[in-house]
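What follows is a structure written as structure tokens; I'll ask about it next.
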């Protein structure tokens, strides 16, 4: 039968970021999907040869603006460990606060975009409206809405005042209430279910073999979350990874929806247990040696490899981002889905191309 | 006869303004349902005026030809409605517009407009039988396909054909491109097929299609109003209620796929029609 | 770094990949590092239940490394990336972008390599 | 369908929209907006230039100039952190949009003049 | 008022936007998107994110131009029917920002297509982006000889 | 005079056919075909001008005409049996014997006693058919001249087989004329079998494996109808003592006896097979292996039209019976299902074939609805369909010769390659699909006349919604081309032979003008026929509008307004400056190639190729055919059972 061959991207209204898929369709069913990348590739890992290891904080933060803070945190944690810095506990708690705030805004942003992928505009609008509260918290506490620049090697740059803490608490209460108001729509709406259930299924085995990470992995039944490693202050907080078993788009939606509430809880825990003390320590010396560090981004496990040779320029910086790991699973999910479901499936891994390509 | 003609002419001239205004109100209310402030009510008119002033860009000449025919057909439909003509005839003329819209979209060797065109065909496949069913139900009650006879019937049709009103609602949702059936091209543009059937139309050509859409909106509202043909107030209430419901549905559902639309619209539409027709013949 | 890095040779690689796959290890990623003497370190990172294990393979830049994308489909992207950035060739890539995964034609080849003898020549 | 309650509530309450530019919200304290240099205070030590991750600052001690490419600045505030005399600060207003390429060039007063002035101020105090 | 006057009025009240992410870190992207959402709701100004260059009046570009996306950027610009305007958003779009020196980065948007309005920031604030569109309309006005 | 005309119409084609069989050169062949066509067209007009008539030829070639026809009939059956024996097909032999034996029985026991009556007769229905044969049929034959030359060149034939081809082609016209002008069912039967043989020969003309297989299928299916016809002869005579149509129809609506009804059912059954109604659709679909003029002829003015002719002809006789309602349902069902089947097809000829079956289904349904309005609709659809469908087949033939494919997917952008043929095809499609053209008008008439039965209306309406899908997408993809570099209107590409071009152009004008003339056609052709058998006028035609109690269809105003819109649009489009050309949207990766559809893909340039939706999971032949056939057979069984 005659097949349709279609360029999907780089410029395409449902794609928030440029990526290209050459799709082959039969009666609007995907037969094959071949990706083309490189539209966002900057080569920023290579910049470590011309920017010193302090300046690189700002650069890795801009690997991706959505969970920027977590990149910087992972990078700083690597160098802190490598250079033997003893980060103050308060700083560790503050890192948890901001990184979980990032997860909340990132997941809300995603639920909105995901809703838009299946044409549910009002849900998109509601999610983004709620998310603005988190953006306000960011702006008020860090000085910027998106790229917050709060990490330094040895701690954080800004502290949270008491008033901030209470205000954040109030805002989170509202966020929680508003998110819960969307719960029935997100988890039980007939049209949402019929657009997501059974679509883009990744079995438990596939998920593992193809190297999926984050909510994609957890939606396929694996209780694996880098936060279980207990970095920053996670070892002192109550945390249980969110797991679903169906491995379809609906399961991924459910995982992220539950994680929003979980993160609200984590921020609350961190704020109530926030220890007094310094927010950073000075770090002396130059990085030397090799290190691999992992943290959990909203999109999954992030991994930094850093090699220093005792100069202020790193020898090698490699960032394995979560979407990079989730693209092979995505390619496995696509054949057999309807064209209308392509954006749904693509968005279900919460792709971040700017981090994939760096 | 002449007075009827003049009335029809006046209706034809007023229709795009009515359609545009309804679209404007639609956008405003949609925005409010999403807790947004929304555009001015006159926004659709600004849009079309702007489009008319854009440079003409076409993939080939058919793209310039087809919108004009589409517009002619849509305007003609409203005119025929004004003349209280044959419903089936109006239906067939409506098809002319749809067919030319699709032909123009297919005239571009562009995958998105082609897929959009195919889906538009699926939409026609879904709403055309429903419209015909509604017309048939009218004819069963009034004894003819003429709109004039609906008015002459002297009683509102809604109490006798309540389910058919729902069937018309299905057709309305599809024709107005509202969720869950905004499948061939949605109003804004976050769809996997870009703007579907409209992708390759631009500038003045797109403006013509938009105006044709206004005519269609006016026509479809006119058809709805036939369910309460005995009083202007009744018709207006019915229309406002139906349209508002349409907006709410648009905002509380996801977009479905065309396969779902075919099954659902045809399946439910046929079932409701059969029910109503059987019930109706019992009553008589 | 606390983790152990085991050295392997090119011949051991395919067997290792099979073994790890059989053990239910997830391929986390590969890392390539230019050692500046005409060789590259390829680090294979595997993960199981949040425990990482690493294997280091040192290869000359002009060698052809065996691709493990046949075993681990996930290796496809990173191997192509290494081909782009370091100019290292792999044999048996599941989908070969020919050094153009990210890079357009006008960009220099192997931009991540340090100035080395091969490069100067 | 579960969204119905939500959207109807929206319809009958005030919209969430802030009617910018008619309605402007006061900036949060500490917002990192435009970078400003109190050039009279600057000692042209180049610390900011060295620290800037975007490499958009150029300081010339001899000519006593401080240049910034506002199109490349990423508003990270690192320069503010490192400035030893606190001549740099970030205003809480974002940089206005423009139709032209811009460059910021600031000329400090010649060293002698500046010192004289400072002395005078001290004296007055 | 003549038809042209009406059309000009429409032109100033209905800027449809196509947004192209040229390799942004998403920071600017999500702020552009935020403009569409309830808090900022740019549909107030008739702005729609139309996603299709053939329907758009304004091209909003975020991110650094790189060697692979520069042709795409040019292609999109070429497919927009006139009159049209281009807005570059964020340090990246203005100059390449923090990535200027990366090997795959060409630089700001104006290296490839003419830019009418520059919106600074990293990322630019939604308010600033709204200002940018308003400014772009001024540019259009000038181009039409109305200002 | 009348006799000469009838003679010319029936026998001249036979003589020409014989002549053509002997002519080995192109020049004379051309002259003979064109001359025959011209004479047929002229004679049909002349005959039409004379109006209805009844005729009893006294002697022919010095023989009693009845005897002559009987003799020929047996000869023909012998030929068929011969073919069957040669093909070593027990089925065919059985079917052949099953005709010879009843016929022998009929001739032996009844024919002698038959009251002499006019064995030839014509009313408006016959005259319409004669006109169609004379004009459409002749044009198709003329087209065949150019087509076959090219066709044989393509096949690389050393020795031309055109004499054989034109022999059967022209013979067909004569047989068809004979069929519709006969008043005696026995005569009709003879011509009926003659068309069967002609079609068998023509379908198998190319001699390929497939062609032979399909021609055999066509043969046995039609012979099945022949058997029914032969049995019907006996039954009709037994029940009513006459085989003259004029006698049978003398008392329309007068309750026919059960036995007579059964006979009518057999005749209708024969009509169903010939008109390729379900479940016999496969022979017509298979017939498209034949060279295109054959398909064009089979589908437009001959063969299948003979089937519906017979059903329409008998309609008054079974009016008001449950048989009639069942026939209506049966026809409507064919319309709906073939429209669905056509959606699943990308083969242009198959789409046309299914569309033909569907339209014939509508005609059958009209006969079954059996009201003045519906009969008028059926008769008019016969005309409009013949013209448009002939045009479409000729176009497909011309296109296929050029691009080497009959797949509509391969016709994308044909407007740039064959502007004229593509435009004519689009015109043909639009005349099949849209108001104000004739086919649609008749569909409107059919639907409104079916008002008494909502089920029927529903099926017809659903069917017509389905037809929009396959017609529109075909028309659309023909136009799918980038703006030609030189200007907006593609330069005239290679010219076709005049013998092909002219018939196509004439038919296109015919299709459009026939629509415009529909009020005239109704008044002068359809209405008089209807009023022969039915009381009351179906439509009030004034000011170019059809009006009945059920509704109004305004032909002239629609033509005027839509036409004005169309021509304005055309003018606008033609004046577009070349600089308005822009490449299609390809997500920003277009390469600016000439075809306009190449984009930069991950591993190099890729051509974006759209394809239609064929809904293969629902509308695929494999999926649908079985069910449809089962249902159709059940309906036939119910029809038959209902009578008994």
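A, B, C, D, E and F label the chains in the order they appear, each numbered from 1.
What we mean here is this: a residue touches a chain if its C-beta (ideal position, glycine included) is under 8 Å from a C-beta of that chain, and two chains touch if they have at least 3 such contacts.
Treat the numbers as computed from the prediction; the structure is a model and nothing was measured.
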Next item on the list: Would you mind checking the shortest number of contact hops between chain C and chain D?
Entry: 2
Next item on the list: In contact with chain B and with chain D at once: which chains are those? Just list them.
Entry: A, E
Margin query: Suppose every chain is reduced to the average of its Cα atoms; which one is closest to the average of all protein Cα atoms?
Written below: B
Checklist line | Selected pair, greater C-beta contact count between B-F and A-B | finding: B-F
Next item on the list: Give the label of the chain whose average Cα location is farthest from that of chain A.
Entry: F
Check: Which whole number of Å gives the spacing of the CA centres of chain A and chain C?
Finding: 25
Item checked: Centre distance in Å when chain B and chain C are each reduced to the mean of their C-alpha atoms -> 58
Notebook entry, point to check: How many angstrom lie between the CA centroids of chain C and chain F, rounded to a whole number?
Noted result: 68
Note to self: Give me the residue numbers in chain A that touch at least two other chains, ranges are fine.
What the structure shows: 4-8, 10-14, 28, 34, 38, 41, 43, 46, 58-59, 62, 120, 122, 125-126, 129, 147, 185, 189, 191, 357
Next item on the list: Would you please write down the residue numbers of chain E that are in contact with two or more other chains?
Entry: 20, 37-39, 41, 44, 49-54, 66, 68, 72, 76, 79, 81, 97-98, 101, 103-104, 122, 125
Notebook entry, point to check: Do you know which chain C residues sit against two or more other chains?
Noted result: 102-104, 111
Check: Taking all chains into account, which pairs touch?
Finding: A-B, A-C, A-D, A-E, A-F, B-D, B-E, B-F, C-E, C-F, D-E, E-F
Next item on the list: Flag every residue of chain F that touches chain A in the complex, lowest number first.
Entry: 346, 407, 409, 586-589, 599-603, 606-617
Checklist line | Parts of chain F lying in touch with chain B, wherever the complex brings them together | finding: 412-413, 415, 426, 430, 433-435, 440, 444, 447-448, 451, 454, 457-458, 461-462, 464-466, 468-469, 471-473, 475-477, 479-484, 488-489, 549-554, 558, 561-562, 564-566, 568-570, 572-574, 576, 580-586, 595-597, 608-610, 612-613
Check: Hey, which residues of chain B end up touching chain F in the complex?
Finding: 55-62, 64-69, 71-73, 76, 79, 85-89, 92-93, 95-96, 98-99, 102-115, 117-119, 121-122, 124-125, 128-129, 132-133, 136, 139-140, 143-146, 194, 199-200, 273, 277
Notebook entry, point to check: Given the complex with chain A, which residues does chain D contribute to the contact?
Noted result: 1-3, 6-7, 16, 28-32, 51-55, 74-78, 81, 90
Check: In the complex of these two chains, what residues of chain F are touching chain C?
Finding: 602-603
